[in-house]
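Should a chain be cited, it is by its letter among A, B and C, assigned in written order, with residues numbered from 1 in that chain.
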Amino acid sequence: MEFTINQIAAMLGGEVQGDGNAKINMLAKIQDAKKGQLAFLSNPKYEQYIYTTQATVVIVKKDFVPRKEISTNLLLVDDPYSSFTALLEEYHKMISFQKTGIEQPSYIGENAVVGKNIYRGAFSYIGNNAKIGDNVKIYPHAFIGDDVVIGDNSILHSGVKIYAGARIGNNCVIHSGTVIGSDGFGFAPQGDGTYKTIPQLGNVILEDNVTIGGNTVIDCATLFGDSTIIRKGVKLDNLIQIAHNVEIGKNTVIAAQTGVSGSTKIGENCVLAGQVGIAGHLIIANNTSFGAKSGTAKSTQEEGLKLMGSPAFDVKDYYKSYAVFKNLPDLNERLRELEKKVMARVKQH
Amino acid sequence: MEFTINQIAAMLGGEVQGDGNAKINMLAKIQDAKKGQLAFLSNPKYEQYIYTTQATVVIVKKDFVPRKEISTNLLLVDDPYSSFTALLEEYHKMISFQKTGIEQPSYIGENAVVGKNIYRGAFSYIGNNAKIGDNVKIYPHAFIGDDVVIGDNSILHSGVKIYAGARIGNNCVIHSGTVIGSDGFGFAPQGDGTYKTIPQLGNVILEDNVTIGGNTVIDCATLFGDSTIIRKGVKLDNLIQIAHNVEIGKNTVIAAQTGVSGSTKIGENCVLAGQVGIAGHLIIANNTSFGAKSGTAKSTQEEGLKLMGSPAFDVKDYYKSYAVFKNLPDLNERLRELEKKVMARVKQH
Amino acid sequence: MEFTINQIAAMLGGEVQGDGNAKINMLAKIQDAKKGQLAFLSNPKYEQYIYTTQATVVIVKKDFVPRKEISTNLLLVDDPYSSFTALLEEYHKMISFQKTGIEQPSYIGENAVVGKNIYRGAFSYIGNNAKIGDNVKIYPHAFIGDDVVIGDNSILHSGVKIYAGARIGNNCVIHSGTVIGSDGFGFAPQGDGTYKTIPQLGNVILEDNVTIGGNTVIDCATLFGDSTIIRKGVKLDNLIQIAHNVEIGKNTVIAAQTGVSGSTKIGENCVLAGQVGIAGHLIIANNTSFGAKSGTAKSTQEEGLKLMGSPAFDVKDYYKSYAVFKNLPDLNERLRELEKKVMARVKQH
């Protein structure tokens, strides 16, 4: 993948100062960039580097006027930072979607239907009756169970496991080792201390634009026709636990190692930090935020709460309480002193 | 899979009212059921739905007397709920065990022995000298190391990894991505700040009827002939850490993201909630329960304790302490006020 | 694998008393050892067992004088414990490295280069342009992406996933299900509540002698040319989260289920216990230790701190505070009593 500066200028709608035919094969930071690479200058703090950079071209603001001599080519645009990130995204898409075709051996079941322009890595498995959309990338060792449906442009990284019957939307990205649709943790205690497994017969639905990190687990719903649902635009990090029948609302973001227990419904646009724990059968209002390591066993109705602690309450109040907690031995001592004083005075009288 | 109402009546020992030849292919909730589906009515709160349901048949109690006209067929039994769950289980078994035969390519090592009626998914791997029982289902990408022994009727979902030498009992279910028998975390500090790996030479034993969720990890024991042991009937959820030489007692249930450190012995019929942490070299008595996010570094001798907090103590006491914790800034203020008052009186005198 | 006592004596530089031609095929504890096995006696507490052990040979200290008759052969060395552990290590290496050759089917991409004496398990995948060193063991279902570089003597257990561009050093061990190089969790909030994915274009570097447990996840760095770095000699346990752009210093040890957020730099020789959480963009000084379940959102500058709690502070102070926390209801009551007393006296006057 190599482009001339002129080609990039055409993509970004920018103007070239210097050699438009010079070739670029990489993007880099201005202070690190080497020959053949493209950098950008947005924050004035970094201006010094433009006079020494090895970059073949630097994207700068239209009105940029060098204060010293410069040896790099320039590409003048309205907003260098957003032009650079646009290039980053294009580059990322190119990398993400460069794989196509079918590597062998790979497995495809009976009556499975696959779309156009897909990648099926070696040792990938597509079950019976599965339906896979266009431009889907299925990396090596991905497992797609029977009757699974996957929309267009979704990416399943190596070793993703999707149990039978799950439905994955368009533009989803699922990272390595993530498990979708394993049995919910449901066991009925018997009189003799043993447990009987409650059959888990529902599925998992991922709506469009969902991104999931590595080694996360999402359990299927318990009953026929029920689903564990991850709504449009949700972003889940690594090593997260989503139990059976949970629903995660639109555009909610959940950081690594957080767990949500069975049948809980998390609202839209919530932010759950790392290692949070949410108990089962709760409803969490929209725009709620949970601080790292917090937990709750109570539903919330008011939107926009910022919570901390376990059980969680208002984050500012938590830190105030915690500040006193750190001084509890001192507080205890003060109380003891006061008790002595008061007792002494009582005796005195 | 389609059955007539008469066939189901025979299975359940029930009596048909209506068309016994009508066909059923699915189970559903009474309020959602459609033609061709079977529902049940147990809780009187749901009686209204029996007059409008589209279900082809509804299981009801023997003495049920409709108060309005009904259009669905009836199947009269002693206990509709347990009849329905019995059908659920049967259905689940049918689904779980419907896969049989060998998909290609799959790998089987030298001197490996496999039982009757097993499923070996594509890309599944069976190591040298492994012994696999009857009716075992080995899904795609499952890895079974050398010398592993697996009992009858066990299910290894896609991508399960079992290291060499592990022993898995009968009727075990292991979900995708779970790792059994990885090296324990043992390192001997050297004088120069580096660590030397302590060889991990033991194995893991799962007794019968153990169920394990997805992406859980169980390390092997350290020494030759020693085992990390998961006793009969234990249920482990997703993303759990079980360290080397741990023993989990019979019928103990552990929820997601909990960790048990090396050489700890958890008793029978314990319940560990999610995100619990148990330190190493402890003995936890039978019937102990740990609340979510609690932790301990101390053994317990008394049975039946219910613990919370980190370090954990009695759950009721924890919540009482936590209630005061939430008001600590206020308590601190009250103490300060009192100090002032007492000080003022001291000065007064 | 069978050795005569004479062969083992030669390896350890020891002297045989008894039948040097007797054969050994296993190592065991002195109290458990059976015929054909080798045990050792180091701690005098165990001396009793040497008179009854079934072991074919026991390693003892040079100056050991039996007080009763013994039937086992003896192998006299300077330090029985370290001789035994040396044998353990040799045995472990033999087991770890006994696999060689290529099982089929396995996949190797274009221009990939592999070293001498390597093991490529069935269904293992090596991407285009990957470079694999000598004596590397790649177990079944391991995935090595394009352009990955792996040093000599490293072991990738079954189902390890290494994304394109990662670099793995010499003598590294990575356990099953671990993911190296998944996308960092980076999303830019948009005006309409949705998130845009920030392309993750860096890689992961593991230096030499790094050991990683099962189902751990290490994200790649965000920018071109940047790396998430795990320094020489680091030991990571199971189910750990290492976010994008993190650096873990030399010889640091991290226990299971701990998470380190983006761009944080952990110093050398630190010890993080289980279920610890470290926030993003921090610098943690060398030799810092974090107790189980602790967390922090603050950098530390002083070396050698031992921290506990969330947010974490000095471990001793934490336990002192926690001791008072457990008695907070009582403390609250004492304060109330005192308030009453003081109030009564105020009224009295």
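As a convention for this text, a residue touches a chain if its C-beta (ideal position, glycine included) is under 8 Å from a C-beta of that chain, and two chains touch if they have at least 3 such contacts.
Just so we're clear, the structure is a prediction, and the values are computed from it rather than from any experiment.
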For this session: Have a look at where subunit A meets subunit B and say same if over half of the interface residue numbers show up on both copies, different if under half do.
Result: different
Seminar exercise, completed: Rotating subunit A onto its identical copy subunit C by a Cα superposition takes an angle, to the nearest 5 degrees, of 120
Problem set entry | Where subunit A and subunit B are represented by their mean Cα positions, the distance between them in whole Å | 26
Problem set entry | Junction residues of subunit B - those touching two or more other chains | 105, 123, 141, 159, 177, 215, 239, 257, 275, 293, 325, 328, 331, 335, 338, 342, 345
For this session: State the interface residues of subunit A toward subunit B in the complex, per the touch definition above.
Result: 105, 107, 123, 125, 141, 143, 145, 159, 161, 163, 177, 179, 182-183, 185, 187, 193-195, 197-201, 215-217, 219, 223-225, 239, 241, 243, 257, 259, 261, 275, 277, 279, 293, 295, 297, 310-311, 313, 317, 320-321, 323-325, 328, 331, 334-335, 338, 341-342, 345
For this session: Under the touch definition given earlier, write down the residues of subunit A that touch subunit C in their complex.
Result: 26-29, 32, 85, 88-89, 91-92, 95, 103, 105, 121-123, 139-141, 157-159, 173, 175-177, 209, 211, 213-215, 233, 235, 237-239, 250-251, 253, 255-257, 268-269, 274-275, 292-293, 322, 325-329, 331-332, 335, 338-339, 342, 345-346
